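One chain, subunit A, links the two complexes that follow: it is found with subunit B in the first and with subunit C in the second.
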Partner chain A sequence: MSTLVDRARALLEAGTVQVVIGFGAGSEPGRVRPVFVRKAEACDSLVADARHRPNLCTYLLKPEIRAMGRPAIVVGAAGLRTLLQLAVENQITDGAVHVLYLDADGAVCELPTLAAIEERAAMLPPDAVVSAPAPGATGAATSAASAGPVGIEQVDALPLDERWAFWQNELSRCIRCYACRAACPLCYCSRCIVDVNQPQWIPVAADAFGTLEWNVVRAMHLAGRCVECGSCADACPVGIRIDLLNRVLASEARSHFGAEPGRSLRREYALSTFRPDDTADFIR
Partner chain B sequence: MAEFEPKIVAFVCNWCTYAGADLTGTSRIRYAANVRILRLPCTGRIDFMLVLQAFGQGADGVIVSGCHPGDCHYAAGNFHARRRWMMFRRLLDFLGIDVRRITFSWVSAAEGAKWAELVNSVVADVRALGPYAGFPQRLPDDLVTIGGQAPAAVEVAS
Partner chain C sequence: MILSSAGLATLFERLTAAGHRIVAPTRDGDRVDFAEVTSPQAVAFDAVQTVRSAKAVLFPPVEPMLRYRTAGHDVQDEAIAPDARPTMLFGARPCDARSIATLKAVFTWDSPDPYVEPRLAATTIVTIACTKADAYCFCTSVGGGPADPQGSDILLTPIADDRWAADVRTDKGRALVAAAPGAFEPAGGHGAAAARPIADVPARFGLAALQQRLPGLFEQDALWIEQSLRCLGCGACAFVCPTCTCFDIQDERGRDGGVRLRCWDSCGFGQFTLHASGHNPRTRQSERWRQRVLHKFAYQPERLGVLGCVGCGRCSRSCPVDMNLAEHVQMLAEATA
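Moving on to the complex of A and B:
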């Protein structure tokens, strides 16, 4: 069984790909950072890190990375789902990305086509994508966010005014750095609504209104599309569990519309279609 | 003390609810004057951000209304809107926003009486809930400074 490094080296030597996107050693033991390997002799810097955080698929659509040539990318379960969703949204074409799938046991398999990715993704257990932020993903996440509710159920269990107080307190730490947007592989609009300033839809300052609106917009624009990789919460420098906003909508889209983003190449976007018998009991 | 008069913002579609509200007027049906009607092409065009902007600029309640399912002028705009409302409403509830302040409804061009009833009932409900004091207000863009606070006083050049 050849290792990740061997596979990456062979791909670069053969000219099948021009860059391998993977993880390398980070600034301290146990941490990894994204690396972009362009020379076969540099492949030794690749680390087979099965945590797959952050989601490397984010880089695939960046113009700087596209300019490097055809990429190979090291992904886990969340990565497979991301790639399928990107394909559904016509952001990657068949064969444009060479996938090195690294499973939880460290075994590598190559998936050169979308069909191969779809086939492998279908074998994943339903809970294959990890659901909580990576431990120690951010310095703030461990200290600031540990006091409050940690899951959708806990937030929902709070009375309305406490829920509001909880989120206002959480969001008050937001500095509007948009790291969540940068980290999200599905937040790829070349002009984001938050950057539109004629008119200024969302105030730029980190005030309570603008921050609330930004976080609602981010969650709504990902509703029915989010594959729940958790990269947004990992990236948040102040440790806000913004992934909960995505997850609550993902679960809503799943239960009402059967939306399973990133599960196959034939899914449609739940919010750009409808059924005449969709039931919304709150409409008067 | 004067009774609290809630400010209600209604986002309505051009083809059904706006015409329905017109019919309420031409039928001489009296209804609460608390509602500010904003006409848009279709419920499918009513961005959820507009609802937040309304609350952020002092609305105590919001009505979003359009054509009944199957009656959309653009055939399917209201079906798309309905899915979006389902998501949006869940998210607001999850964030601790009282969804009783947002009313979604279908009012056709022939339902002038229903529009009057709807507005009256929303006004009564929101009046019972009281002013929406907790929602963060959008500061005028030229007053926002670093930290998101308005300066205490604004010098006006004479």
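Moving on to the complex of A and C:
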């Protein structure tokens, strides 16, 4: 069985790709960092574990990375779904990315086309991403969820006033650093709505109103698109479980519209698809 | 002098009764951060460092500056005074205390800042020397140290779990001792010799060599691009940093008036240098990263006579992609211009 390092080296040597985006050793044991390997002899630095965060697909759209040439990217289940969603949203074209997929057992498989990615993604169990734990330290060394509810079931089970108190307390720590936005591969707008400032549409202050508005806007803009990789919450320096907002919306989109973003190459936006046979009449 | 845990309880009690605010590291789950407390029981003594710095005590993330009302062509504005209650910042680390010099240099540079200045005057800093450090600490590379007294009004050095040697260094420190009679005891038989060993923080780079090389590195594009490839351009580093002071002024306006706010900003954001004309002098992340490094290690020392970094390591602990300031700066110190 050839290893990730062997595959990456072969791709670079053959000139199939010019850069391999993966994880390498970080500042301390257990911590990893994104690396951009451009020389075959440097492939030894790659860590063969794709469960780390942030979601590396974020880098595919960065101009500095694009300037390097055709990339290979090391992904797990979350990455496969991200790539399909990016393709559906016309952000990557067929063949533009060479995928090195690591399955749950660490076996590596090459997916050079979108069709190959779609075929492999179809084999993922329904909860492949949500249940995948990140090993040890993931992104930020200090990021950690606060005590209290840890899943949407627990938060949903709270009475309304306690749920509101939970979110007020969580969001009170938000410093508007936008690490969540930066670490999200599907937050790729070149000008985010919060940066539209003539006039300022979304309040930028890190106060009760501003943080609520930002976090709701961020979550809503990902409704029906989010693949639930968890990169946002992991990036949050103050440990806010903002992924819970996305997971709730994802489950709503699933139950009401059957939306499964990142499961196929079919373009089916829960929030912007029009069908003549829509059962609701407000749209006609 | 000596401060015992009983004395500490007295200190907290007296100050709270006198209407003082006490801000100290507290634990919430796995995260330790500064928060308002009223009793030493709430203080997390064992953490190497908090996630966020204590700068919000002096320079809050959102500062309401003035309120205004409009009626036709009439505008009436009303200044908003800062909340500058007497405050004890307790359990800060020597690097945190050291950062005050940078904040002071920025906010009193040409004219004293009417928001930060009164809070500086009302804040007394009680620091606890570090008996442990982690992989991200590099205070000794930037002129500080785990028992560095600079910036502290009182520096506490642990003698035992419930006793500290108290080095009362300033008038504010003495005023705090006087405000809580009985809290501090004379040293007597206990001396500094009994103090617990201070943390070992090996130097990562030579500051002199770095500062000599930096000006020549400005145009080394490839170097800055390589260092910042993984940087996502968020503001986490700037917002947890004790010395980052950039802000943006925003008007939140309703139909008949509004409020003017001063909000934290970060040079890592693409919009930070966007001009009204549409021109942006820093379009690439590498240019923003260069600005961050040079501002801290070249421009501020040159303009204000203070470094923009105290080596607390918060930026590197919080970075979602493990940008490591000490490592990057070490690379620069060793780079050939």
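Simple rule for what comes next: the second predicted complex is superposed on the first by the 253 of 284 C-alpha atoms of A that agree within 3 Å, B and C clash if a C-alpha of one lies under 4 Å from a C-alpha of the other, contacts with A are read in each partner's own complex, and residues count from 1 in each chain.
Note that in this section a residue touches a chain if its C-beta (ideal position, glycine included) is under 8 Å from a C-beta of that chain, and two chains touch if they have at least 3 such contacts.
Please read all numbers here as calculations on a predicted model, not as lab measurements.
When the two complexes are overlaid on their common chain A, residue A:Val75 makes contact with neither subunit B nor subunit C. Contacts of A:Leu84 after superposition on the shared chain: neither subunit B nor subunit C is touched.
After overlaying the two complexes on the shared chain, residue contacts for A:Leu4 are found with neither subunit B nor subunit C. Judged by the touch definition given at the top, the superposed model places A:Gly239 against subunit C, while subunit B stays out of reach. Legend: residue contacts after superposition of the two complexes on their common chain; A:Gln200 is shown touching both subunit B and subunit C.
Once the two complexes are laid over each other on the shared chain, residue contacts for A:Ile65 go to subunit C alone; subunit B is not touched. In the superposition on the C-alpha atoms of chain A, the part of subunit A touched by subunit B in one complex and by subunit C in the other spans residues 200, 203-207, 210.
Residue ranges on subunit A touching subunit B, taken from their complex, read 152, 155-156, 158, 160-168, 193, 200-210, 212-213, 216-217, 219-220, 223-224, 244-245, 248-249, 252-253, 256-257, 270-276, 278, 280, 282-284.
Within the complex formed with subunit A, the residues of subunit C that make contact are 28-31, 33, 51-52, 61-62, 134-136, 225, 228-230, 232-236, 238-240, 248, 250, 252, 261, 263-264, 266, 269-271, 284-286, 314, 316-322, 324, 327. Within the complex formed with subunit A, the subunit B residues making contact are 48-49, 52-53, 56, 69-70, 76, 79-80, 82-92, 94-99, 103-106, 118, 134, 136-139, 141, 144-149.
Residues of subunit A touching subunit C in their complex: 26-28, 31-36, 53-54, 58-59, 62-65, 139-148, 173, 175-179, 181-183, 195, 197, 200, 203-207, 210, 234-235, 237-239.
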